[in-house]
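As written, the chains take the letters A, B, C and D, and residue 1 is the first residue of each chain.
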Amino acid sequence: MDSAAIVGVGMTAIEKNKIRDGFADMVWEAVNLALDDAGMTIDDIDNVVTTSNDFWDGRTISCMAVSDASGAREKNVSCVEGDGTFGAFYGLTRILSGSYGTTLVTAHSKGSESVSSLITNAAFDPIYQRAIGMDMVSACAMQANAYMHRSRTTPEQLARVSVKNHGNARHNPKAQLPMAITVEEVLASEMICDPLHKLDCSPVSDGCCAMIIAAKDRVGTAAKPPVWIKGAAFCADAFHLGDRDLSRAAALTRAAKKAFDMAGITDPATQVHVAELYDAFTYQELMWLEAMGLCADNQAGHLLEAGVFDIDGTLPVNASGGLLSGHPVIAAGLIRMAEVVRQLRGEAGGAQAKDPTVGVAQGVNGLCGQSHCVWVLSAES
Amino acid sequence: MSDTEHVIIESGAARQPFNYAVGLHGSRFLQELRDHRRFMAVKCPRCAKVYIPPRRVCGACFVEMDEFVEVGPQGTIGTFTILRYAFIDPETGVQKPVPYGYGFIRLDGADTLFQHYIDIQDESRVKIGARVEPVFADERKGTVKDIRCFRIID
Amino acid sequence: MGKQRVAIVGTGQTFHKSHRPDVNGQELINEAVGRALVDADLTIRDIDAIVIGNMDHFEGINYVDCWSVDGSGGFMKPVIKLTTGGTTGSTLAIGGYHMVASGLFDRVLVIGWEKNSESDTTGAITTAFDPVWDRLVFAGAISGLAAEAQAYMARYSATDRDGARVSVRDRKHACNNPYTQLRKEVTVDEVLASPMLADPIHLLDVCPRSDGACAVIMAGEHIAEKITATPDWIWATANRHTYTYLGDANFGRLDSLAAASREIYAKAGIREPAKEIGVIELYQPYSFAGIMWIEDLGLTGYGQGAEFVWSGATDMDGEIPINPSGGVIACNPIGATGLIRCAEAALQIMGKAEGHQVPDVDLALSTGFGGCFWSDILLHGRRKPDF
Amino acid sequence: MNNSLKHIEPMVHHSQINVPYTWWAGDTAGRFLKTLRDEQTIMGTRCNHCARVTVPPRKTCPTCFTENQTWTAVSDQGTVVAFSVARRQLAALVKKVPVIFALIRLDGADTALLHTISQVDPAEVTIGMRVRACFSKDAGATIMAISHFVPTN
């Protein structure tokens, strides 16, 4: 697939609490950065897709807050609820349908404004589950246990993900938590929910990302070389955690296979050069790597220890610092895509992988990775 | 077990607290209202439209705005209704007493309307185009409720 | 893979009611999905992707796309959620269109739903408005609409009898639609005698609260005609959002609908919409909109909407029947409502509207409206579009 | 940032969303919950197509998407397939920490039920552990009619 490309990306700094900024302020900043990046003005944008979540934003029809700031006035605009990768997917279809030549996609969230435990508790079924009192952390901790039990992954290996990603974030001026830490420090940090320590969990964050996707015949007008969309797919698993094999991400496996098939990739572990994955918790990076076929089953922990996923490894993973270093939900997946774009353009500075031409990005919706969206991007058409 | 009994699950005391950032444009407005009983609107540098409440971006022009202009405090009723059915205010969980006036005020000098309550002591005087002035709350805290309502002055 | 034309090949609705204690939300969704699959003679295995939406704070469930897979059939399929408030249903239809038109999917299931009986509707609607500027003094959706009607009446000297005439029309049409909620004829005098909610809106001028779901199956052009002999071709889609804060609205006009409809007419080469379009399913949450918004749609000149409605032109046997289904005034499961308009327009094109069928419809229009003055439009045709 | 706003103190509006919900359980979940309350029995549904027994029950088989289901009682004992132990008192938690959350596959069921385990040292909980349900008479027809699970010995 070579019909569309990413021609501009922009993101705010990821911070704990952007007290000066409302949603529109963040979107305005990210959109203007994306337009500058693309060498475009708002008049070059044919349509807009904003991405937000009514629960996180504390507002029904949360997208209303950002329609002016995203330049959607007098344009066709739509609003996806969920991770930004899903917003980008809808934006892509609006180009492939032939209706529009360019789509501006935004995704924003301010975790600082709400109580995330209550927001994610509301994702549990109100009749069968909610009163039990779970949230995203306690659910994912359960999945971490199931994954570790099956794959024999150790707490030290989980901690190593945190060490790597916080360390990588030191090269990313927009990251919230750049840190030089040790495995021992991760394991000594507060136990939030067994087996997840505080440093196994991503922080609460504010941030916004914007992206401009263009049809093939419009990429020539952009300021920078296009990053081509070679494959994109998404898939949802069962809702009830007890209906799934929680130690595996079957929906991710399916979405990744479809995206790789579209891109003509037969051996992702060798043909992908850089990956930005949804590491909301340390175990997720390892579990998603295996589920996507970026490494063999039960091997992610060992390969991590061998340095394969370091910036100078053979498959750098979350060279940006990942979500562990800043996690504005909803924007999170779109930021992963933007970071892959930066890598493929050679703009990642100290986090730059060596000459990558193919990268993957992933976004997640729902509890314990129920629904995934996978993007395969390439510097080459 | 009764087959006709429909089971209901209730949310009970569950609620979601929020700390909404007002933004700097809005903060300036609320502080002027609280401290000086002044209405500060913002003017678009391109189309010259005067917006209240002030906001950062003119949606029509896609430009940032930073020229504040004082508007009001008097204005005219742009449109209105008189609410006669009661509902639960989701913020307080309590019903507001009805009837009450609810309208959109065109403050002198502003191009957009300002939503608020309208005093309806004499319903016959409440009409589109009627002149109004704000009635301020005794204790002002920096919210739009620092205005109690608008009252008819002609 | 490649872009392709899109048609609706099946629709399904629940029997919309004030409350459905016998089913949870997933099961409600499932009823509509099941009927749409039967209508298209497909199984869930034939569906490539699902587009779903509602308004979160009506049911208090986060990540509904994920939660609903038991009912939607989304297990191990691509599922995406779109939400734009009152326009959600029509936004979903536009989303389904692009998903199929992109060539990435051939058969897409579009689902809109709401169980309004599970929350305080006005309380939940209030959460849709800006927490700092609008929410503190917001007086419910009906008050906003009432302010719009007041502005229109002042500008064009319309009366509450004009509004009542629209309610009489839609409530009469609803009697022919077994799926809708309120099926009782009323007179103009009965509308005017019903309790005043917010001047000038009486109880019988507005929509009820509803539980309901609607599902629509869209297919790419190379298979649509194999699925049904009478596909409903989607000719064009358009939308506009103009809201920033409530006080920004141009009260008395729906600028977003005017702009979106002009885009549609330009795409399809329509010059005289009232003559060229056969039927309209208008997202009309209260009666006065039935006068005002047909002017914004260009069916008649500004200030002439009431006269147009009184002439009978929008009745079932008129020049351009509006809301043969009974419209939103007869039932309003909000997240489904816009999609119901789309499904009803499809039924008219496909000739499946039974008791409320308008004869020989070649072109139909369905719209969506959001409480913040947003508009969506889809143009449906019996003939495959040649553009 | 422009000059006119340089010295403005950013404000935060403290608020809440306080909309009450009354969810209809529906006939299927309603029967499950009433049976819990009235008979302290855990019911599932067996799909007549794929033969999987789903607990909690569903009107439609989640995998086959058919309504062809038979009600069947499952055991109140089962096996832990996943668990976590909440140590920090996050807002959603109803009970005081530590709270042990678990997915429990009841004997006779093919899917696992989400609930809590009590009366055990969290350090002793393992995947594969056997547990049984304890019922509560005060919780009405809710999922808390199972108050928690305990180890079987």
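By definition in this document, a contact is a pair of C-beta atoms (placed from the backbone, for glycine too) under 8 Å apart; a residue touches a chain by one contact, two chains touch by 3 or more.
Bear in mind the structure is a predicted one, so any value in this text is a computation, not a measurement.
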Maximum inter-chain contact count - chain pair: A-C
Inter-chain centre distance, chain A versus chain C - centres from mean C-alpha coordinates, in Å: 34
Euclidean distance of C-alpha centroids - chain C vs chain D, Å: 36
Centroid spacing, where centroids are CA-atom means, of chain A and chain D in whole angstrom: 28
Residues within chain A bordering two or more other chains: 19-20, 55, 58, 67-68, 72-74, 115, 118-120, 122, 126-127, 131, 238-240
Residue list for chain B, restricted to those that touch at least two other chains: 6, 8-9, 11, 14, 16-24, 26, 55, 59, 64, 90-91, 143
Chain D residues counted as touching two or more neighbouring chains: 10, 12-13, 15, 17-26, 29, 33, 62-63, 142
Chain-level touch network, classified as line, ring, star, complete or other: complete
Sites on chain C touched by chain A in the complex: 1, 3, 24, 53, 55-63, 65-70, 74-85, 91, 94-95, 97-99, 101-104, 124-125, 127-131, 237-244, 259, 263, 370, 372
Touch list for chain C against partner chain D, complex: 19-24, 26-27, 30, 43-44, 57, 59-60, 69-71, 73, 75, 115, 117-120, 123-124, 127, 131-132, 135
For the chain A and chain D complex, residues of the former touching the latter: 19-20, 58, 115, 117-118, 120-121, 126-129, 131-135, 137-139, 141-146, 149, 190-196, 238-243, 246-247
Complex interface listing, chain B residues touching chain D: 1-2, 5-11, 14-28, 30-31, 64, 66-68, 90-93, 142-143
Touching residues on chain C, where the partner in the complex is chain B: 21-22, 60, 120, 122-124, 126-127, 131-140, 142-143, 146-148, 150-151, 154, 195-201, 242, 244-249, 251-252
